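Just below is one structure, and these are the notes that go with it.
Just so it is clear, A, B and C label the chains in written order, and each chain counts residues from 1 on its own.
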Amino acid sequence: MAEEPVVSSANDDEFKQGSEPGACRNSMLIATDSYEDIAQYLKADVCQSDVPNGKSTSVVGDADDASETSTPDQTVKCQNRVDPEETSVCSEQCTQYDRQEVSSDDSAVGDNSEETATTAVTETGQNSPKETLPDISCINRQLSSLSASDGSPHSVDTDQVCQPASSDVTEPSVTAEEYLSPELDYVHSAQWKNQDKHIFILSKAGKPIYCRYGDEDRLVTLFGVMQALVSFIQSSKDSIRYIVAGDHKFVFLVREHLILVAIAQTKESSTHLLLQLTYIYNQVLSILTLSQLGRIFNMLHNYDLRRLLSGTEKTFDNLLNVMNQDPSFFLCAVRCLPLETSVRDTVAQSIAQNAKVKDLVYAILITNHQLITLVRMKHYFLHPLDLHLIFNLVSATESFKAAESWTPICLPKFDSNGYLHAYISYLDESCDACLLLLTVDKDLFFTLSDCKRKIMEKLTKHHSLKAICESIRRGNYCISEAGIPELRHFLYKSRSTAQFTSPKFEVPYTAEEDRQRLFRLYQHLHYRIHCNSRPLKIMFTVGEYETLLGWVTSGFELYAVFGPLVTKPLAINSINKLLKWIKKEEDRLFILNSPTF
Amino acid sequence: MSNISVLKSFFQINITFIFQVMLIGDSGVGKTCLLVRFKDNAFLSGSFISTVGIDFRNKVVNVDGTKVKLQIWDTAGQERFRSITRAYYRDAEDYHSKHTDTCSIIKHSLPLAWLAEINEYAQDNVVIMLLGNKADMNSDRIVRREDGERLAREYNVAFMETSAKTGMNVELAFMAIARDLKSRKLRKANEPSFNVAEYVNQEKQRGGCCS
Amino acid sequence: MICDTKLIMSKKSDISLVNFFVFNPEFGPKEGEEHKKILFFHPPATDIDTKIKNVGLCEAITKFTGTFTDRPCQSLHTQKLRQLFYEPEPNYWVVLTVTVPYSTKTKDGQTYLEYHDEDVQDSVYEAVLHQCYKMFKSLEHFFSKYLITLKLGQSDMLDVFNGIHFLPLDKNMYLRIQCFINLLEATFPHILYTAFLYQDQLVWSGLEQEDMRVLYTYLTTNLFPAYMEQEFQGLKATSSSSSLTSLHSHYGKYILGPTNLADESSAGRIPRLYINKDQAVLECHLLVYKAHSASVCLVIDGNYGLMFDLFKRLDKFLGPQLSALASDIGDYYARKPQSSSESQFKYVYFNLMNLAQKTSIHTDSRKLAVTGVSPDVIKLISDLNEDLTSCHIQDGEMIIKTWNDCWVVCKKADQREVYIILNQKNANLIEINEEVKKLCASQFTNIFFMD
């Protein structure tokens, strides 16, 4: 490495991909080519009205198009692509649902006023919703009712509440006032409104699916309005992106079958909010798969997806909380547990040798949103987007700790149309390391359980388990290890491996608010540097409380924090020292090699 | 799927049987709690932790000097896992089918659908037992004891009320299953089959039915 | 994995005006009365249903955001359009819609349109909207023409600053001009306010800042250029006649006012200017008189009836004096040494307190020539300005290097901001820092003390 002050030289190629600290030849994660690619992925929109051939991405069963496997050979196929049994089960579920629908008042006020919520479904027929243009004045009346100051929806017409189609109403029909007043309470609650970041998921028909705060049943009108806005703008062959009002941003993501909305006053950029919504969408896919979503909604436009998502609230909540603290999401990278190479190699070998089973795609050992090791089938890479969902599933599910588990999981980047089956088991009660073995074969549980047993034997024999536990117990490293006093904190990402490292938070970022503030500063720096049309190489900002440096080369990305009075020569010097230190420690901080099956 | 491995020898005294037991039922009825009570003799109080997919736990019990290992599949009750769990009906030998007495969310509180499905999909020689859990919550009952018993008669399965919280009938239930399974394995053609109901009554009369 | 998109890049489309309208949702709350909400709509030829739909959607959007925040709704981003909102008075909304540029791309054999959302910056177009509104309020007769001639593609952070170019003069000159104006206002008591400009820089103004900004925008983006155009093309048929009537004693004439002092009918319509005074709006007449490169704007009490005799008397007063002043200012500048370091670097400077702005990027207010700086860098400066504003940063500094190896340094202290652009590819951060320090010391003395 050159000795001269870096952050400068015209020759940024010095850090060409492959030579930077943390680089490795065999990347085992898909390194995202660039943030621009991610940005494109985020903008991928269902209403591709400009695409000449009008290729819709929501076609169900067209599995090859919808899936994004980057594999050369398609020998590994996910299950449940077009499973006839699945289809009949689904339709059965749907008809059951319809019977329930007719007997209870399940109407959504937010639907198009022309479209009643309980369109009866014939035994054989499909439900073809009338795609009528939402009446904008109707929307405005609903909105007026929401903001009525005296709490009474004086401007609401009773015809807005859809009457159930059938006369088998078991509950008395509800008047507009009564129906809307719980919602008014909500929307008038300053506390609810003031939450930093609301997240809503609704179906294309406006049916509530999830909301981060509060009970989605009590926000029916709001969901209806959001759906109507999306649909109204779509009618002019355009699509809504986001709205800005003061510190608030209202970001819309329209994907196949679902609409996701973020209402945030965190001052994050719309791109970052869109990224978070995309993760939430992918989380839905991870639970249900894209093909199943398609089947369900194509059959029944008004289906209440909460039925299939019951019990998963914690998974979504957890994901949202983690995204507010963990830079791995916007960096599109993965953090590794620091571990001596010898230990990591032994662990990897133990796994590789004892889990050599046909149709086993990935063997992953993780702890608390960090990767310990990954062994994969040749030619199959694991995308950070998928790995983050796996991290989230494990950290959100307490029940994995007590028993060996077997559950289907869809990895949207791997194949959004089918499930992998995951054997999940914590290695030992003594430490937090969790082993996942992912396969396409749904009958492999006992085989994999046996694999784990054999792996454990090996790990215990070589004392690797002890080393892992020790590393977990020690926690993240201190920045003082690098011996650079002016440097307060940093994020370093190696682009070729999509891995990153950062030290633990120390003074002055020990308190929660300070950590949040720093996190937002990192986010903003990242946003400016990666702006689509005017990306930057270097951004050095002197502020009131700290000085930040962002530096992007083709090989790595570095974001560093100093005190506010640091001089520029000192800052540059520190960066040089840091890069040297990371290079020295790269074997421990990154996974540079990993075996394949 | 890899099957039961049975070590059998007429000349050995220690015989170990391995049987699969599957707990199925709607979300929230208490399958996991029941299992934890049985396995660890503890009660999972606090917030509701939903099972994801299927959890596997093993417990070895002693049936008249014979070791019986129960491989227990604790299935998630949510709708989206139905098709997955259904796929395993065919392979498991026993089901604990459960309903709840106090679930206020689900309208259909009797597992008609479950029983019907098991009947349809499972092998003929499965042992089915119907458990009415949360029997300790008397005032909030949704399903009456008589209804549970009637349903059990209809499908010709054994029935008992249990409580993972107090422990009532938990051990009894699993032991009954273990015995039934063992007897089926060992039973010769002309021997009388094990009668679960009889056994249960016997144990209850002995007193100390709560483990 | 570079795909073909990078190779086949077609030209980007322009940012163009879709519509501009003013509405009040309180008018016409009942069904069937929606059209009453619309107070102004451009383009006027739009059919009524489309107008109602547009207004309806804005109403919905503003109400929707209103359920979560008291802060007014600012912008709506869709894939193809950008809509900016402004609520100058409660329930009185002004909306501007512009297109988002797109280019055609091909990927894997498929052609699609990519929309460049970042090319339309909210802060810039919000400023344009505010300017439009002020123009709408102040110079109504003129407004439609203003809208049509808006060069939206050239809007940039100068619109955000919306500052005024001041002409620095020596004390002597300045005092002379002041005396002149005092005498003018004393002689003609119905003149409420006066503004004195040389070329398109302001020397002196009696108007309030906000009003002066509007007037300044109007003068520099419309009136003066149009006049210069006319002059250049020699279309002023009456130029000969005015010189006849003035007997060659001076070179002054009205730009806004009678074109021929011998002909009463040539007064035409004197435009109304609406200015703010003590919370009320005053309707005034606006006259502009020019001699060589100097111009005087006269804001006359609207209640006073303009008699043709007044025009003649003003002409007699202004003509000789203004011509003389113009000539002297011209001489003064001819003698002044040119600063040599002007062209080595590019900069934009803005002082929030007095709205002074200085720029070497734009050679004139019409921004006909934006020299030597790529449009992305100009947008970057708006980005940085937005950061400074939104984070309420009082004192700060940013040093940036773009992927084109162009350095941009931004410094802010008190209420002053300066953006310096250096095209020094091979410099490193420390060298750039030194360079900027030197520049600040020589060009922007006493403003920035930081390292």
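Going forward, a residue touches a chain if its C-beta (ideal position, glycine included) is under 8 Å from a C-beta of that chain, and two chains touch if they have at least 3 such contacts.
Treat the numbers as computed from the prediction; the structure is a model and nothing was measured.
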| item | value |
| --- | --- |
| Identifier of the chain whose CA centre is least distant from the whole-structure CA centre | A |
| Higher-contact pair (C-beta pairs counted), A-C versus A-B | A-C |
| Computed distance of Cα centres, subunit C from subunit B, in Å | 80 |
| Centroid spacing, where centroids are CA-atom means, of subunit A and subunit C in whole angstrom | 44 |
| Subunit A-subunit B separation of Cα centroids, rounded to whole Å | 38 |
| Residues of subunit C touching subunit A in the complex | 1, 25, 31, 34, 53, 56-57, 59-61, 63-81, 110-113, 116-119, 122, 376-377, 379-380, 383, 387, 390-391, 393-403, 405, 425-431, 433, 450-451 |
| Complex contact set, residues of subunit B against subunit A | 1-2, 27, 32, 36, 49-57, 74, 76, 78-84, 87 |
| In the complex with subunit B, residue positions of subunit A that touch it | 85-86, 89, 93, 287-288, 307-311, 314, 393, 397-400, 402-408, 422, 424, 442-443, 445-447, 449 |
| List of subunit A residues in touch with subunit C within their complex | 5, 7-10, 33, 45, 48, 50-53, 55, 136-137, 139-140, 143-144, 146-147, 187, 193, 222, 225-226, 228-229, 232-233, 238-248, 250, 263, 265, 267, 270, 524, 528, 531-544, 567-569, 572 |
